[in-house]
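All remarks here apply to the structure that follows.
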Amino acid sequence: MNLTLKIWRQPHTRAKGKFITYRLDDISPNCSFLEMLDILNEQLIGNDEEPVAFDHDCREGICGMCSLYINGRPHGPDDAITTCQLHMRKFRDGATIVIEPWRAKPFPVIKDLIVDRTAFDRIIQEGGYISVHTGGAPDANSILISKEHADLSMDAAACIGCGACVAACKNASAMLFVSAKVSQFALLPQGKVEANDRVKKMVAMMDELGFGNCTNTYACEAECPKLISRSNIARMNREFICAKVS
Amino acid sequence: MTVSFLQFSSITKKIWMALLGLFLMVFLVVHLGINLCLLRADDGQWFHEAAHFMGTNYVVKIFEVVLFAGFIFHIILGIILQLKNWLSRPVRYRISNRSVTPFLSKYMIYTGGIILIFLIIHFMNFYFIKLGWVKSPVPLLEGGEPDFYQGARWLFEQPFYSILYIVLMAVLAFHLNHAFGAAFQTLGLEHNSYTPWIKGFSTAYSILIPLGFSIIPLYFLIFS
Amino acid sequence: MAELNSKIPQGPVAAKWTHYKAHQNLVNPANKRKLDVIVVGTGLAGASAAASLGELGFKVKIFCYQDSPRRAHSIAAQGGINASKNYPNDGDSTYRLFYDTIKGGDYRSREANVYRLAEVSGSIIDQCVAQGVPFAREYGGMLDNRSFGGALVSRTFYARGQTGQQLLLGAYSALSRQIKLGTVEMFNRHEMMDVVLIDGRARGIIARNLITGELERHFGHAVIIASGGYGNVFYLSTNAMGSNGSAAWQIFRKGAWFANPSFTQIHPTCIPVHGDYQSKLTLMSESLRNDGRIWVPKNKEDAEKIRQGTLKANDIKEEDRDYFLERRYPAFGNLVPRDVASRAAKERCDAGYGVGDTGLAVYLDFADALKRLGKPVIEERYGNLFQMYEKIVDEDPYLNPMMIYPAVHYTMGGTWVDYELMSTVQGLFVAGEANFSDHGANRLGASALMQGLADGYFVLPYTIQNYLADQIKVARISTDKEEFVQTEKAVRERLEKLLAINGTKSVDHFHKALGKIMWEYVGMGRNAEGLQKAIKEIRELRAEFWKDVKIPGKLDDLNIELEKANRVADFLELGELMAMDALERNESCGGHCREEYHTEDGECLRNDKDFMYVAAWEYKGPGEYVMHKEPLEYEEIEVKQRVYK
């Protein structure tokens, strides 16, 4: 395959960035998208240019480190995958691919396609946990949890914190991310104890960091590599109302 | 008031947005009911009675204040939320988003804005006349009250106004179509058992109400 | 330092840990505030240790190279975590888990450590459930278990195919809570560059801020390394791209001995290699072997035709298929331990029965299970894995058998530690995959998660206090002290040296070349000649690297190539040590298979008389390593040949 790539290059956070066009030839359709970028970088190093900086780590769709807004879609033109699981066979020969970093006020660009997502960590630090200390936990089977609730909780807990929901949302809202964590615990008896405090604090931090609010457009759900459902957002709203009125 | 408004969390603002929206939707049903009286071939007798009741009953008068407040807060909240959303992405994407999403949900601020313009026109044509701020284009009734039946006829018999009215009703339909279901989602009312019903009702409501309103100018256009 | 003291407590194995805890030194709560601990790595071991220590009151600093602690590669573990809860009432016990782990490790692990691991395994599950980890449940609300390789009981707890993720997120949430409380300070996008020793004790690290490129000095009364394994020395592995052995190698250079470096686990069920550009291998959970059957064609001609593409797997008749694991190991069948399964697959492929374009693949077939259980059940059990396979290979595994081949997955070897998880450097602790202690020559499935969390939640919070108890009088040391300055200077010089080479070949070029040597000679099948060749070739490659590597960019900037180069430079030394260790060990055991040593029916031939020891290597200079032996004594377990037939 022969490709034209338009890639956002930005030397550091405060620098002005711009798109630069690269040509890349003879790419195998079985190549993954990030392997294609590896090949581009090899080419750049060969030409004494600085390689394109992008985030990635596990390359099997679970760590959530890879990002990239590819031709108008976070994680590119396929459903339920991360960028590292995207393969070049999803593009046609001769295609032009525009690659941008995640864009959101709380996700500033660090370099090229790398953005800072510590905002997500800060939201979790506000209450994305159950306050138990190590040791002294009761026997695991002393807490019975219905399969249905355990499964729903797991559905929500599958979030990998990649930020595609924010990147896709027209409002750069983090509602899907926050609600996934709130839901995971709201569905479990262990999580009920601190439920009110948790949802209020996490939402407050989400607002403070500058994420937008939800206008129920559901681009988040459409782009989530782990298919986290919008019903988690409804559940968080419910939790929030309960927390406010109780 | 606005200061503490801003301090509300995003979800609180949205919950108010949703509650006010649902309240306004109930109002639309009442409004449509009265409007449909125009269609009765009694030279506006029913319509006048309804209008008179609405204009003089004290409970309705209290509700009128609530209604205005509802409109104003719905609009202000909508603008505040939208400004925050625009600020959340200071650098835009080169390629606009291609995610598969419900089309109308992305344009609520725009459809809302158009409805606001309509609202102003609507007030000029009716409510402000009642307040005496604007002069009625048609003679007053015997008691000195404005004659809204003739006023409506006068407006709807102008094809330009009627078509504009129908177009604006279509915009209202777009706004309502997303709004109804979204309000329930925002209020946390989501469940496999009833969400499909809400969705169906939302579609029906968003078509029937604006259609109901649109029948009136069509009627006057055709039969005048 | 010349002698290894594993500090195993007295008494019968079942009482050792209790005895240790009852007699160890503890730090008074008021003094804990005055003690700083550095943790490197935020995987299961690092995050759980940092959270637990922060909770106790120590001042903790934790470092990871990723953008968030939640990304550590523990997250990729799929199948599950073992614990001897005996919930299914199928005969499990602490002893049985202990026994299975020792046997699974082919009698090359330390009894006392493994027993402790089995002993605390149940508490891990309790802890994780309390944290809100959504383990799979039965309809009655109790926890569900599944079976894994190398065990006759079902003791594996799981959260779909994402157990590692859920456990890591549990540890990450505990860590996040401590960060919020201010007991733990987080340094993401920071990479440890060296350990700082003062008077022979670990007193801090030099870290590089990966965004600005700045070198930073951090003090700690003790340092915990939980940086994971070094499987990426093979270039292609199931590790994350950033996983590296540099922290382990830095401390090795500073006096922390390295144990059993050659013990590498090759995981049998990975998606086969498909091209030169490939950057990593994807693992398919071992749990697939619960229902999938592994086979190759019985006839070479059929295999040949499949490779040429003229015959499809489904065309091969039942009687023409060789279910080689079931044939060779009727008792355990497809659920033999990983080393055994990997080796058997390699044996078939080497003999010419392999399938796929390259002939380096075997089939993992679900046709029977689909017939027996129906598609919905299979989908519920393995749906995400099947989907992953289809995305990568572009073939529907519900219709055609999957193709799998072994790939490097885990390193049992690592920094030598005593019973307290302290290395041969005072105050330098090593936890999780980074240490060598619990898995011997082969790790059983679902045991890595158990070990990481055991070390972090239930071992280090105790043992580190035994060390820190007599450190309370040591005031925080200024990072302006000479040792910090000198260590930082050495790091800077090394990085500048790398940048100054300005050769012609990229870092990846060298990494791939190293990976090829390692896979060829230090992979699944090893022999003396090949290992000697590997040592020679690695040395040449290392010399070439230091002459000809090309690293664009600057030192004081985000520079990914420089990060990689620094790691590959260490791999180029570590690879040689692995080959040396493999060459020394003239026996086959677990994942270490020396082709010269096998039984008549092709099984591993251990030599317990001469090699029942831990090989602990000491650094004497580049390429100069001296081996010390820690003899292994089995008091509770009768050492036998490992039979899964």
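Labels A, B and C are assigned to the chains in the order they are written; within every chain, residues are numbered from 1.
Here, a contact is a pair of C-beta atoms (placed from the backbone, for glycine too) under 8 Å apart; a residue touches a chain by one contact, two chains touch by 3 or more.
Worth saying up front: this structure is predicted, and the values here are computed from it rather than measured.
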{"item": "Chain occupying the middle, per Cα centroid", "value": "A"}
{"item": "Chain pair showing more contacts of the two, A-B and A-C", "value": "A-C"}
{"item": "Computed distance of Cα centres, chain C from chain B, in Å", "value": "63"}
{"item": "Averaged-CA centre spacing for the pair chain B and chain A, given as whole angstrom", "value": "37"}
{"item": "Intercentroid distance (Cα basis), chain C paired with chain A, Å", "value": "27"}
{"item": "Touch list for chain C against partner chain A, complex", "value": "48, 51-52, 55, 66-73, 75-76, 85, 87, 122-123, 125-143, 159-160, 162, 165-166, 169, 172-174, 176-177, 179-180, 186, 188, 211, 238, 240-242, 274-275, 277-280, 282-283, 387-388, 391-392, 394, 457-458, 461, 506, 508, 550, 552-553, 557-558, 560-561"}
{"item": "Chain B residues within the chain A interface of the complex", "value": "9-15, 81, 84-85, 87-102, 105-106, 108, 178, 181-182, 185-190"}
{"item": "Parts of chain A lying in touch with chain B, wherever the complex brings them together", "value": "6, 8, 19, 69, 71-74, 98, 100, 103-106, 168, 170-173, 200, 203-204, 206-207, 210-219, 222-223, 230-231, 233-241, 244"}
{"item": "Residue ranges of chain A in contact with chain C within the complex", "value": "12, 28, 30-32, 34-35, 38-39, 42, 44-46, 48-51, 53, 55-65, 78, 80-81, 85, 87, 89, 110-111, 114, 116-118, 120-121, 124-126, 128-135, 137-141, 143-147, 150-151, 153-154, 157-158, 160-161, 184-185, 188, 190-191"}
